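Note that the chains are named A, B, C and D in the order they appear, and that numbering of residues resets to 1 at the start of each chain.
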Amino acid sequence: MNEDKLIIETRQLCKNFGPTIALNHVDLKIYRGQITGLIGENGSGKSTITSILAGMQPASSGEMFFKGKPHKPSTMIEGAALGIGMIVQEQGYVSGISIAQNIFLGEEGRFRRHGIISRSAMVKAAQEALNNIGCNDIDASWYIEQIDLQDRKLVELARVMASNPEVLVVDETTTALSQRGRSIIYDIMRRMRDEDKAVIFISHDLDELMEVCDRMVVLRDGNLITDLDKPEFEPNLIKRHMVGRDMGEKYYREDYDGTVSDEVVLDVDNVTSGSGLLINFSMQVHKGEILGIGGLSHCGMHELGKVVFGEEKILTGSVTHVPSGQKIRDARHAIKLGMGYVSKDRDHEALVLSASIRDNISSAGLDKINDGPFILPNKEKAYVNQQVQTLSIKCASINQNVQYLSGGNKQKVVFGKWIGRDCDILILDCPTRGVDVGVKAAMYALIDDMKRQGKTIIMISEELAELIGMADRLLILKDGSLAGEFQRSRQLTEHEIIECMI
Amino acid sequence: MKKSWETIRNYFPIFGFVIVVVFFSIATKGAILSGTSLQSLLNQAIATALVSIGSVFVFGCGCFDMSMGGTLCMTAVLGGYAGIASGSIFVMALACLATALVLSLLKGLFAAYVEVPLFIVTIVLGFVLSALVLVIMGTETTILLNDAVKPIPSFNFTQMSAINIVALAGFFIVCVILFNFTALGRKVKILGGNPVTARQTGLNSVNIKLISFIISGVGVALAALVALLRIRSVGSTYGADMGTDVMIALVLGGMPLTGGPRTRISAGIIGALTITVLNSGLSMLGLDLAIIQIFRAVIYLAVVYVASMTYRTNLLPR
Amino acid sequence: MSKSTRILKNIVITLAPAVIVYLFFLLITNLFGEPGFGVGDNLRVIGYNMVYSGFIALAVSYNLTSGRFDFSVGSVLILSLIVGGNIAKEIDVPEPFGAVLMVVLVVLVGMLCGLISGLFYILLRLPPMVTSLGVAMIFEAIGFALFDSEGLRLYTRQDLLIWTKPQNSFILLALVLIVLIYLLNFTKFGYNCRSLQTGQKNAVEVGVNEKTNSVVCYIIAGGLMGFAGIMYISQNGIIAPQTGLSSSSFMMNAFLPMFIGNALAKYSDRNIGVIVGAFCQACLSSALVYLGAGPSMQTVMNGVAVMLFLIYVSNNYKFALHRAWREKKEKALGMTSAAKQ
Amino acid sequence: MKKFLALLLALVMVIGLAACGEPAGNESQAPASAPAGNSEAPESGEPVAEGPELSADGRYPAETVKIGFVNYDTTAQQFLSLQDYFDYLDDYFNFEIMYSESLDSAEAEFAFIEQCAAAGCQGIIGYYNEGREESVKLASSLGMYYWGQGQDPNVQEACGDDPYYLGSYYVGNADYEYGKSVIDSLVAADCHKIIVVTGGKDFGVQMFIDRYQGMMDAIQEAQDGGYDIEVVYEVPGWPGTEDFTAEQTSALATDADGLASALSALMWIQPISAAGKMNSIKIAAVDTPTADMVDLMASGLFVGVAAEIPDVFGLGVPMIINAVQGYGEEQRNEDGTAPLIDCGFWLITTAEEMEYYSEIEQEGGTWCFDADDVRSILYDYNPELTLDDMSALYSAVTMEEIQARR
């Protein structure tokens, strides 16, 4: 690409959060008239770099240039004013206010006519913004709660497009959208490219990127690995860059015998979940089996994990713990029956960030370490230190606050909670999400050991490679019901699975 | 840097207390450290300390209780009535305990099952309880233990201080054990830190909240009993500002009002002692009344600012 | 539903609570208590209480809706009256302007107090409840120290105390409401208030300046407490300084109107809702007098009313959830039976 | 470890108890023994050159006497006048007052008394007494004199013979008398339908209960005497709450022609003028004379003000000084019990009286009992002083009697 099309350039850009390094001297170039894909595993730094560009957070060091001039936005409004719009995966909208105000959040001053901000002018402009991204059916005067989660993300898109940015950043938003939402975003990206503007598209779904992007940049552990143009796109090559070593190396399980005892441990019978994401779903989990559960992000697999653990209310059907014959009422009951649950949203659901490693790990095993009503500190210390050893958690002392640990070590602390309890059924929801490669390998080895100790593991994951590598049996979900079942085998390829996922 | 900052932070409240004591020792030329003064400080601090220590569990598990004033007054009044009717300290103690536990249990059930902004409800509850005491007492507005059926033994100044020590040390030790050496303390810290994680770790939030309120009830009962024995009478305005005193004491003791892992049992006792030394030291200086109140406010804000230096968020606290 | 019927519906819903409460108590007092509720003199009292408690509830609402609990409202009322009133007392100005000058002075001092407590809040960054305790003590002490603790005595100055006449109080209220409705609905400050209230993290991330917004809220609250002070002094003619945090009892009659106001905010505007709430509370307190309830019973009834309303407001989303749950359940049962055939 | 540090801290504080054994307060003054003290009689009137030894700045007694003052409302007009009175006495007598903040319960009163002991006070003036005889016993056990609250019979009966209890002013049951005289002044002003303002009666404040009782008995007596009088409305509480305004308005809606207030009635002037009844209602209240009230009396709106004389509470200073100087024995009744000094109070019914009384009762005023009067009841200045002299002096409170003394 010729240099005069250069719109964004970063030189030696760095960013670190406490001990973890998110960006390591990245030199990135983004050109007009081109959709640039940023791909990499979770924690590779792809979201960090774009949030710095958009002004959500400052860089630790290094420079950025936008249209040739030095670029250091302190807020997203400043970024948007300069022409960099961004939509993120988490909730970006503000509840309790109208859609129109969401679209012009922080810029309501624009509609001031002789001292009065006219609400009708704002609603009209908001409706225009919605229409020009193709959402004529959404009424800008409604409260944002009146539309579903998918459309709320489109409202965020409308907000970004309303300040007609020269650079649009789409950060892993497509997975959260329905088919209609995804096609709207693709059209906008293509239109931006045709109007000679720039688009940065972030996803970890390789096929989607290969289809949409003109150029792709691969990131791994905060480093920029390679920069490929459309003709050079080749899946395995990109994956090798992403993962950083040959697929064949010792990473997942070695053995391929999927045989498992046919004693049923959990029986999920015709369950429809309260949130409506699981419809008439049935499955049986066998003792000592690693049951993989895959699918696109909103296929209901995360709800399945919560339903089995009793965290999500059930509309109809039941989840029965076969050995005890009891129907699982709630999380407490499940834990009593020897179950454990590692939530996907680690920082908000699985850990108490402001508490110490010791408090977190011992909180799950209080009934294991007490003598009568009392808990002796040294017995608790021993219990916690034992987990720290087995999981080799890097920390100054067990009294250190969990929030100062790296992503990988936090995940180990969560595992420590349940391994300490010695549960025999473990539900893992995206156990290796946001964890660096080294820790991933340790996690897989640990899961392998647990299987050998006869424990039953339900592993829910958005990474197909992980599921193929680890699971004895693999269930694929689509829109709340079973789409396919695969046995563990050497020949199993991602391609076959993706067929029934989409 | 992380580790050392952590330990320094835990000792901030004690530094605050020592600074206040040293300051007033100099200002009152040692008068505050005389025998009488120490005894009187203990007598004044006893009620706030007992109630604050009990409330550490309630604030620790993320609940909120500003109605301590009304609860304490109701407990002392009903305890006083029982004392007069029976003439025995034991029955009076039982009545105090029963009233305090019933009120605390109601608050506990309310906190556990009804989802509502607790800090507004408990403030209103405080006013309502104080008004209810007036309704119960009707015209005869002060209960005197002297007109009890059988004479209730009275205690002189020194005996009273002995009772105070036993009550304070006893309750403090029990709470230290409950908080640090049983599962309850850890459960309170986890529930206060993150209720969702607590649920997913299998902690029964209803039980934790109920037990916490019951312990605070015991603290209130003890405080009411000690006050009845010491003053031998109780008026309808007794304990009016205990609600704010407990909150100030816990914050001076270095405990965040939202509870969680930084909850400390020692916050109750240190905070109560700090505020008592502050109040009595100021009145001993014999300054003009307006200056006393401004001085108290400034010292209070300074110590609170120092004690809570640790948990800053970039969002303005709510 | 056309636009005009929607506006009509909103107006009806906003005013409904006031009418229902008024009629209900009219019935009750005539049946059980003595007659005379809500007519003639008592109607004037209800009007006064509505305006007086309305100002306090409005002041509290600007901070409490964003989670900032403020103990210092009472002390701001007293201090602004003592300083503003005594200054106005010295300046002699022809007949009607004296009273207006006093309002201006008292409200300005109130806003200054609000600014000070706002600055305390954003500089110390402590939970607002904790900071406001210290601020309340300081304001009370200043009020006590000034004018050698005599507070404000205007009972000999009838010319300044014209604001309890119904028409004057309603002019004051109308003026304040117009300004507040404009601020909350038609200015950037108003929009920021709403976005910060429910989405503090996202709003701040997008770049909404929370610091200035909260200080402005404190200034508005201070000014409103000045107006409440004007109503107080016009009714009683004298105010004594308070000490020992006893000024926080002024807050008690702010809770009920504020929560009713919040509930009605959707149908019209929070400020109007708060005034409707104040009218309901004024009816309640007057009715209790005609039912012969003593002052302590009043506090109990008022407190219970606030708690019941709070429980309803914080839990009524559960009723909607429950209904939706039942519908989903039937739909799901329907589906499973269909799947079984 | 930190938990034990906190516990250790609390125990160390209390070890101070064991270390100092008996409370330190009471070694210094042995109440019984009379000091040597020279005995020649100083002439009355001008402070005599020799006579008792004075402090460096010429004030009596030589060492400063520290007195604690238990107070319930720091903003009450009477307390403000009393502070001015003590500042006036401070120029002549070597004493120091430690004022308490607004105390609202017996527990707060106990705490303050203990603080006074720690600060080295030698006496307590019980201007406010919620703890009744327990407060006196506490002060005595801490080695401090206690003066005040005479009208409470069980205080007198329980502590009468305790050497540390110095007795009190005695206006009969003061508050009861004030209530009675408020009604008497309304009867004198020919009022028939009375609004009674009860203040803190329903809130459990003893002084308001006594005043209310006094009013009811006075009304009963007037009715027995054939005078047509009835209570048309009772208004409880204080301004600021919604129900007070409602009660106030409906009270003024009645055809009442008299208002009897157990507390300051200044807060009724504006509502009465708003109701346009300035000349159809007459007010009698319990209050402290101030300059503002002079024209209120002149206008006929106020017909009677029962006023506690601030100086009467000042009697505590000379009595405590006498005790500290060792005259405890002389200052007791024959049977050794603490004396009740009869004191008068003012029932002000004319503007002229109000003007005189408000002038003397303010900063720079000549007060009801000036420095010479106080000196006349100090044994060091007047050895043959008897309790009857004290009662005679403190009962002579009318305008004429004060002018006679000047």
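Here is the rule we use: contacts are C-beta pairs under 8 Å (C-beta built on N, C-alpha and C of every residue); 3 or more make two chains touch, one makes a residue touch a chain.
Predicted model only: the values in this text are computed from it and were never measured.
State the chain with the largest centre-to-centre distance from chain A, centres being mean CA positions.
Taking each chain's C-alpha mean as its centre, the farthest from chain A is D.
If you average the Cα atoms of chain B and of chain D to get two centres, how far apart are those centres in Å?
34
Rounded to the nearest whole Å, what is the centre-to-centre distance of chain A and chain D, using the mean of the C-alpha atoms as each centre?
75
Quick one: report the Å distance separating chain A from chain B, using the average Cα coordinate of each chain.
The answer is 45 Å.
For chain B and chain C, let me know how many angstrom lie between their CA-based centres, rounded off.
Their C-alpha centroids are separated by 31 Å.
Any chance you could list the residues of chain C touching two or more other chains?
144, 149, 243-244, 249, 252, 294, 296, 298
Where in chain D do residues touch two or more other chains at once?
Chain D, residues with two or more chain partners: 74, 101, 104, 202-203.
So which bits of chain A are touching at least two other chains?
Where chain A is concerned, no single residue meets two or more other chains.
Kindly provide every pair of chains that touch.
A-B, A-C, B-C, B-D, C-D
Can you list the chain A residues touching chain B in their complex?
309, 311, 331-332, 334-336, 341, 343, 348-356, 359-360, 362-364, 366-367, 370, 373-377, 396-397, 399-401, 404, 417
Provide the residue numbers of chain D that touch chain C in the complex, in ascending order.
Counting only chain D, the residues touching chain C are 74-75, 77, 80, 101-102, 104, 202-203, 236-237, 239-247, 249-250, 252-253, 266-267, 269-271, 273-274, 292, 295.
What does chain C use to touch chain B in their complex?
Those residues of chain C that touch chain B are 64, 66-69, 71, 120-122, 124-131, 133-135, 137-138, 140-142, 144-145, 149, 200-201, 204, 210-211, 214, 243-245, 248-249, 252, 255, 294, 296-300, 303-304, 306-307, 310-311, 314-315, 318.
Which part of chain C faces chain D closely enough to touch in the complex?
36, 40-42, 44-45, 48-49, 52-53, 144, 148-151, 153-156, 158, 161, 164-165, 232, 234-238, 240-244, 246, 249-250, 252-253, 281-282, 285-286, 288-290, 294-296, 298
Taking the complex as given, what residues does chain B use to touch chain D?
By the definition above, chain B touches chain D via 10-11, 14, 17, 28, 31-44, 47, 134, 137, 139, 141-142, 144, 146, 156-158, 161, 164-165, 168-169, 172-173, 176, 180, 227, 230-240, 264-266, 269-270, 273, 279-280, 283-284, 286, 289, 292-293.
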